[in-house]
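In the two complexes below, chain A is the common chain; its partner is chain B in one and chain C in the other.
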Partner chain A sequence: MSLSKKIVLLGHFGVGKSSLIRRFVEDTFTDNYKVTIGVHILKKEVEVTDKTIVNLIIWDLEGNDDIANTRPSYMLGTNGIIYVYDLTRPTTYQDLKKDLDFIKTNYANIPIKVVGNKKDLVTNVFLKENEDAFQPYTDFFTSAKKNTKVDKMFSTLAKDLIL
Partner chain B sequence: MNQEDKLKVLKDILLTDEREYASSIHKKIKILEETVNKKNNLSEKVDPIIEDRLQEFIKEIPKTLGPTITETLKSEIKNSQDAVVEAMYPILGRMIKKYIQNEIQVLSEKINQQLNNTFSFKNLKRKIKSKMSGVSEADLIINELQQTKLNQFLVIEKGSGLLISKYSKTDDIDEEMVAGMLTAIKSFVEDAFKSNNQELELINYETYSIYIQNFSSYYIAVAISGVFQAEHRSKLEDKLLDFAQNVINKTDLKNTESLTKKLKAYFSNEFI
Partner chain C sequence: MLQELKKSHKKDFTQYILLDNKGNIIDSDGVFYSQIINKNISSLHPFFESFSYSLSIPKKELIFSCIHLNTDKGNIISDILIKTLDDDNALIIIQDLSTHYKNYQLTAQKRNESVINSQILELKNKYLKEKEEFKNNFIANFSHDIREPLSGISTFVEILNKTNLNAEQKGYVNLIYASSNHLKHMIEDILDIAKKEVGKLNLVEESFNLKVFIESLVLSHQVKAKQKSLDFELELDSKTPEFILGDPYRLKQILDNLLDNALKFTHKGEIKLHVSLNQIRANKASIHFKVSDTGIGIEEENFEKIFDSFTQLHQEHHIQGNGLGLAIAKSLIELQEGTISVTSIKDKGTTFSTNLSFKVDNSNPQKVETNSTIEIKGKKEKYHILLVEHSEITQLAVLKILAAKRKFYLDIVSDPEDVIPILENQNVDVILMDINLPKLSGDELAKQIRQLSDKTLKKTPIIALTGKVFPEDLKRYKKAKINEVVSKPFDEASLLNAINKHLK
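This part shows the complex of A and B:
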């Protein structure tokens, strides 16, 4: 059985949304930052069980410093959300709770994965020291550059989508 | 045995090894001389070595000389644009001329074919149309030849942009990504114009058009090649409305296979 599901990636500018998608879909990474304008769409099939394949249609939305300004029409019919923040820039996670509340209020019952990206640039000590800011909300600490937990994050969401 | 003979015997005893060594050296020099002086022998020995070095050199050229050659070519082209244009112009001119000649010939053959069917009903109809509309018969024929071709049909869920069904005669696009991007473009345009109950209906891309027929929960996007005028648009709209109202039902929208079959059957004629 094959199912198509739409997922969107949200978060501030430059947190690595496009890099995570590129790593997941094409298994590549580049240090050259190119800002996403509007939306970019890619897809990848994920085998979640022996008999079920989820065809993820991934909408890479342009970064937005205020999540409330995300174009609502891009969010229509979304089956899953990935919220990405940058572990090295506090401005991208200082309103984490507020942003997640906004998502849960406006897109109720949609599975969300919260991701702290650029793990390769911080130490475990740093994560421990900032546990209060990250741990209650974060599902995965990823690194698109080092390919840390990227596949795991997408495939876990894909599994949640068929539950 | 005199002194001389004794000396000779002594020499023989003492210098046997040296003589043998000298003789073997002599033989080796002889072989070397033969190898060096005879072309065939020399090339047999040297050719494989040169060949290996040459192959290595060829392999290394793109790495070592490639960037320099590219840079040189770039700067040469930049600095001598007039010379490049002068050199290219006759070649491009000939190519374009040949292409146009070929296209005109094809068109002329088609027009002749149409005119030869003088007694056909279609021809008679065209003559009457020409008389009544004032448009020349030739223009009408050319118009007929530029037929509008329906290339691809995508049935897309509104909002999510997920592909419900597709029917296409060629497999040159990734329909799922196109469906998503079309939906994103549609959403953007509709948001940007802040228009209530107005929706994007047509996208033109050089010789291609994408016609969008909106329904409540889905829309059908049709990729069209050729001339797409108001008349064609109206006909296509009628067909799509008829398809949505009389051919498919709600269950088909959840069953990709059955919807694809129905699309294929209903739009089997690729011309409007």
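This part shows the complex of A and C:
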């Protein structure tokens, strides 16, 4: 059985949305930042169980400081959401709770994974010290650069989509 | 004619695709995707896979802007319109707006990069600041702890020097003395820098004779200059006021550091200290100090750097020192709202100048006695001193100093709980008390003594012996009604002077 599911990546610009997708789809990474404008769409098949393959259609959205400004057309027909913030830049997670509330109100019942990216740049001590800011909301700490938890994060979401 | 021209110059920016409600392509022109008739729309690009469901909703119009597509004609950035028609068919219009969006991309790239960079910079600064703070606190606390054992060394070397020693032993004792003094100065330097950084460096204001002060200050530098076969010149302008109000210890530190620096980096020629009056206004004298040398000089690009803590520009010259002298001089000058400047020519010499303001003291003050053979003043034949101290080193040090005077009985306890019973049973004249006591801190103990019911006992003078002399510590001692604080490491004079003040 094969299913197509659309997922979108949300979050401020520069947090690593495109890099996570590139790591997941092409298994590559670059330190050079290239801004995303509008949307890039990529796809990758994920085998969630022996029999089920999910064809993930991944929408890589332009980063936005204010989630409310996300173009609604991009969100149409979305089956899953990945919200990414940057562990090294507090501005990208200081409104985490507010943004997640916004998503829950406007896209109710859509599975979501919250991801703190660039884990390679912070220490475990840092994560521990900032536990209160991260822990209650975060599903994965990832690194697109070091390929930490990237596949795991996408495939966990894929599983949630077929439930 | 125009039609012909139009045709040959026309570039197609738009593709129209007609499809049925299952997504099968019925008709299209081949502007971006060619030979697609009868194929399913979803095979063109994953974009078209995401909304096949909406094709079955009649009379719906969706617009997607800024979609990246890779087409048979290359990558484009497009706006896409999807419109379901009355007849179960749908129309898709792909419009290439690459030129427009690429401009936008350029601006966005610049804007985002600068935002990210400034955020990262801000974070880095914050991190550096925290690190610096940690370092300074660490140094302050650490230097502080070192003082106690060092105090023991200095005191006992002093005492040892007064015993019967042969010439060889005396020589060694002097060496120990010199080394421990050097160490003590270095620690004090480090402590000063750290205190300055954490905002704990304080200035005192007292009256002193500037001329006498300068003359005695240069003595030791003159000796050092002579040892290096350098000339030393002092120019003291006679117009400078005689008595001024200020912090002579800090002024000494500033000038000592500048002179030491000059001596360090000069190998022939002369060192000069010049002191003159700029002006007196509203009873404040602005005094100019200038230290010049004929040493190795500093390159202009390093003028700023030399005032940084731990910077040593002349590594190759094997010159000893901790590189803190100039940093301390600068911070002390800034603390007094002065400025320091440097001019230098490589291999010719260097001049440091600073202007500092002092109040002029017109009250014709007395010279303070600083005699080392201190006489015990009180009328009694002998005084009873109680020392509360758990460190054996300090116990012995106090014992030796007091015993030499033959005017004291000394009681020593190390347990603060023994103090009040002794006070109640004996006539103690003065209590010498360590603050850092086991079980009960010195200031707490002082509070208990001050609360005794006996009117005489509760007023027994208390002198604290402690290494903790930050402003907030002093405040605490004052609150506990401690009469006097002698900071560790102490010497004979400071201990005896403090005791003297409280003998009746």
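Simple rule for what comes next: the second predicted complex is superposed on the first by the 163 of 163 C-alpha atoms of A that agree within 3 Å, B and C clash if a C-alpha of one lies under 4 Å from a C-alpha of the other, contacts with A are read in each partner's own complex, and residues count from 1 in each chain.
Everything that follows uses one rule, which is that contacts are C-beta pairs under 8 Å (C-beta built on N, C-alpha and C of every residue); 3 or more make two chains touch, one makes a residue touch a chain.
All figures in this text were calculated on a predicted structure; none of them were measured in a lab.
Enquirer: Taking chain A as the common reference, can chain B and chain C both be placed on it without clashing, or not? Answer clash or fit.
Expert: clash
Enquirer: Kindly classify A:T52 by the partners it touches after superposition: chain B alone (first), chain C alone (second), both, or neither?
Expert: A:T52: touches no partner chain.
Enquirer: Which partner does A:R89 contact after superposing on A: first (chain B), second (chain C), both, neither?
Expert: second
Enquirer: Looking at chain A, does chain C or chain B touch more of its residues?
Expert: Chain A has more residues touched by C than by the other partner.
Enquirer: Examine A:S155 and indicate which partner it touches, taking first as chain B and second as chain C; both and neither are also allowed.
Expert: A:S155 sits against neither chain B nor chain C.
Enquirer: Looking at the overlay, what does A:N64 touch: chain B (first), chain C (second), both, or neither?
Expert: Neither partner.
Enquirer: If you lay the two complexes on top of each other, which residues of chain A touch chain B in one and chain C in the other?
Expert: The answer is residues 4, 6, 38-39, 41-43, 55, 57, 59, 71, 73-74, 76-77 of chain A.
Enquirer: Can you check the complex and tell me which residues of chain A touch chain B?
Expert: 4-6, 38-39, 41-43, 55, 57, 59, 71, 73-74, 76-79
Enquirer: Contact residues on chain A for chain C in the complex?
Expert: Those in contact with chain C are residues 4, 6, 13-14, 33-35, 37-43, 55, 57, 59, 62-63, 71, 73-74, 76-77, 88-91.
Enquirer: Contact residues on chain C for chain A in the complex?
Expert: These residues of chain C touch chain A: 45-47, 49-51, 53-54, 62-68, 77, 101, 104-105, 108-109, 112-113, 115-116, 119-120, 123.
Enquirer: Within the complex, which stretch of chain B touches chain A?
Expert: 157-163, 174, 176-177, 180-181, 184, 187-188, 190-191
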